[in-house]
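Next come two complexes, and both contain chain A; in the first it sits with chain B, in the second with chain C.
Up next is the complex of A and B:
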């Protein structure tokens, strides 16, 4: 997985690309550090260029949600496509995380 | 890293008595007290076997058997492959040094002996050997423990004998496949006779794989016994399991699940699911994917689950599997994918009508890179016609 982050006045936007899976656990720390550093009001996780997510990847979304909540930051997952959207829907992650099309 | 050299054993092989004595003097000053001597390569090989040195200081030119021959003989023996051998050689001879390395030498000390350099090189080799041995011992211990844990994990799953007994009791065909991607995995499945007419089936996949996921399967195993399945709907049972898992699982760890109860008197399968891959239901000629969407277990205390019921008469089947089946790929083939599973099952039924799991696994392994990236469980449950 590769990610790019961009800060706007009130939001941190992180766009993930490629595959988010078991082996990406170390990269999660980098995203949390970005969240820590930016101190935004909103945290937008853009999945529109993510191609695949496995169960460990879904777990990372839940971890990011908790990290955001602890910092009083509103997390929004945006634009999941194809297989990624199917996996998120199957696991009903939308019941815990705010997901926008 | 500075280690104590006092428990290290050094063998000095040299035909010149003065050299043997001066080398011994130098390394004794560095704290090495266990020293043995040999006067040629042949004696040296015997001394290696009897004295078991941690390092050999080896001269090159000696009668009977020279140092190069002795070193080559040592390297041919697997036991001494890693034994450090320090050649004593004139440092200006490039050709001789090359010959020493080719014979399997670890390093050189220059002649005439310079005490500081000699001790430094000896110490370096002994430290390297100690680190290597520590690492090898650590690795061996972890491998032993993982092998043991692996047996424990397999003991959580239904034994072949038990499967046969359950299959007989309820008039079923039960075939299962279970493989972890490393020594341990996060998959689990079980079959639970509830009474004379009902039998339950559970398949669970903890996120991730390896040791963490495996520990969760052990947690799960103790939780399952705590919640009787007899008197509640599958959805209620999953809710109980969900709350219990939420209590013990850290954020980010969760499980997908399918829990179904087959009732033989009403020919009905009632199930509830928490995000497991879509099971396949086959009745008559109709083969379809069941909707198994549901909030994964252990992620939220507020999770709600729903029950669904389908007819599963004699001759019908249910195929359960973990996501490895549809997500793993190979060099020439992409993953099978969720939507292709009914065809995958259909093709296997053509090959083997009663035991299609076998051809399914053959086809899966033929197209998938190994070792698998994730744990694979597949369970075939059919009612005999």
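Up next is the complex of A and C:
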């Protein structure tokens, strides 16, 4: 998985690309470090260019949600497509995380 | 399922550094009288078995294109032919099917499920319609076999403050251990007109399959792999004390 981050006045936007899977725990650490450094009000996780997510990757979304909550930051997952959207729906992640089309 | 033995085909060795006694034993296992040693593109277009000294994605694709029943990465060390023979004894040489044996160090990060689904597609067993389910389930079974099986890391490691950092460090530590890295992941595929069956076997300590979650459990950071497999595969069986996961897909 690759990611790019961008800060706006009130938000940190992180766009994920490729595959988010069990081999990506170190990248998760990098994203949390970016969240820690930016101290935003909102944290937007853009999945529109993510191609695949596995169960470990879904667990990472929940970890990111917890990390955001601990910092009083609102996390929004945006734009999941195709197989990624299907996996998010199957695991009912939308009941826990705010997901925007 | 058609279990008629295939005609004997050449037994090829992809590199010439594989010990002669080992190639002889493998040839005996598959009742093949001789083999061709090859280390370039001049091999026959088909083969009963291929041994690859060190596998990567390109090398495995090249190996698959020779249509082997069996593709085995030997890995570093070269001191394990006896153990390899034990593994292979569980794989009857039937067709249609293929068998891939990789070291954990290679399987980690190789996206084996993509590779195997590409090969199932190439051999005409898997259609685009069924591929997403098969690939997802196979990915989860392989990830479990690598992380919880051969690397011996429990998901419980994630359920603590900074658990993802602990988990990432454990992955690095285990993958840095040559003995652990050499443990094998075996993937055995067979199919007929109505079913694809894939077995994923590891060399870990196993687990009690009765403890796996049967439904998605809210905020849990782990346990969804089996939920996905049970939701997307036609049947899931766990055997050998948790070391073997067999996925069936009605197609």
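Note that in this section the second predicted complex is superposed on the first by the 101 of 101 C-alpha atoms of A that agree within 3 Å, B and C clash if a C-alpha of one lies under 4 Å from a C-alpha of the other, contacts with A are read in each partner's own complex, and residues count from 1 in each chain.
Operating definition for what follows: a residue touches a chain if its C-beta (ideal position, glycine included) is under 8 Å from a C-beta of that chain, and two chains touch if they have at least 3 such contacts.
The structure presented is a predicted model; accordingly, all values stated were derived computationally and were not measured.
Annotation: superposed three-chain arrangement on chain A; chain B versus chain C shows a clash. Once the two complexes are overlaid on the shared chain, A:89 sits against chain B while remaining clear of chain C. Comparing chain C and chain B on the residues of chain A they touch gives the larger count to C. When both complexes are overlaid on chain A, the residue A:26 reaches chain C alone and has no touch with chain B.
Residue contacts after overlaying the shared chain place A:63 against chain B and chain C alike. In the superposition on chain A, A:15 makes contact with neither chain B nor chain C.
Residue contacts after overlaying the shared chain place A:54 against chain B and chain C alike. One listed stretch of chain C collides with chain B once both complexes sit on chain A; from 22-30, 40-48, 166-174 or 202-210, that stretch is 202-210.
Across the superposed pair, chain B and chain C both touch chain A at residues 22, 54-56, 58-60, 62-63, 86, 90-92, 95-96.
Within the complex, the chain B residues that touch chain A are 205-209, 251-254, 256, 274-275, 277-278, 292-296, 299-300, 302-303, 323, 327, 338, 373-374. Residue ranges on chain A touching chain B, taken from their complex, read 22, 52, 54-56, 58-60, 62-63, 66, 86, 89-93, 95-96. Against chain C, in their complex, chain A makes its touches with residues 19, 21-23, 25-26, 28-29, 32, 54-56, 58-60, 62-63, 83, 86-87, 90-92, 95-96.
For chain C in complex with chain A, the residues that touch the partner chain are 108-109, 111, 132, 136, 139-140, 143, 146-147, 158, 163-165, 167-168, 171, 216, 218-225, 227-228, 231-232.
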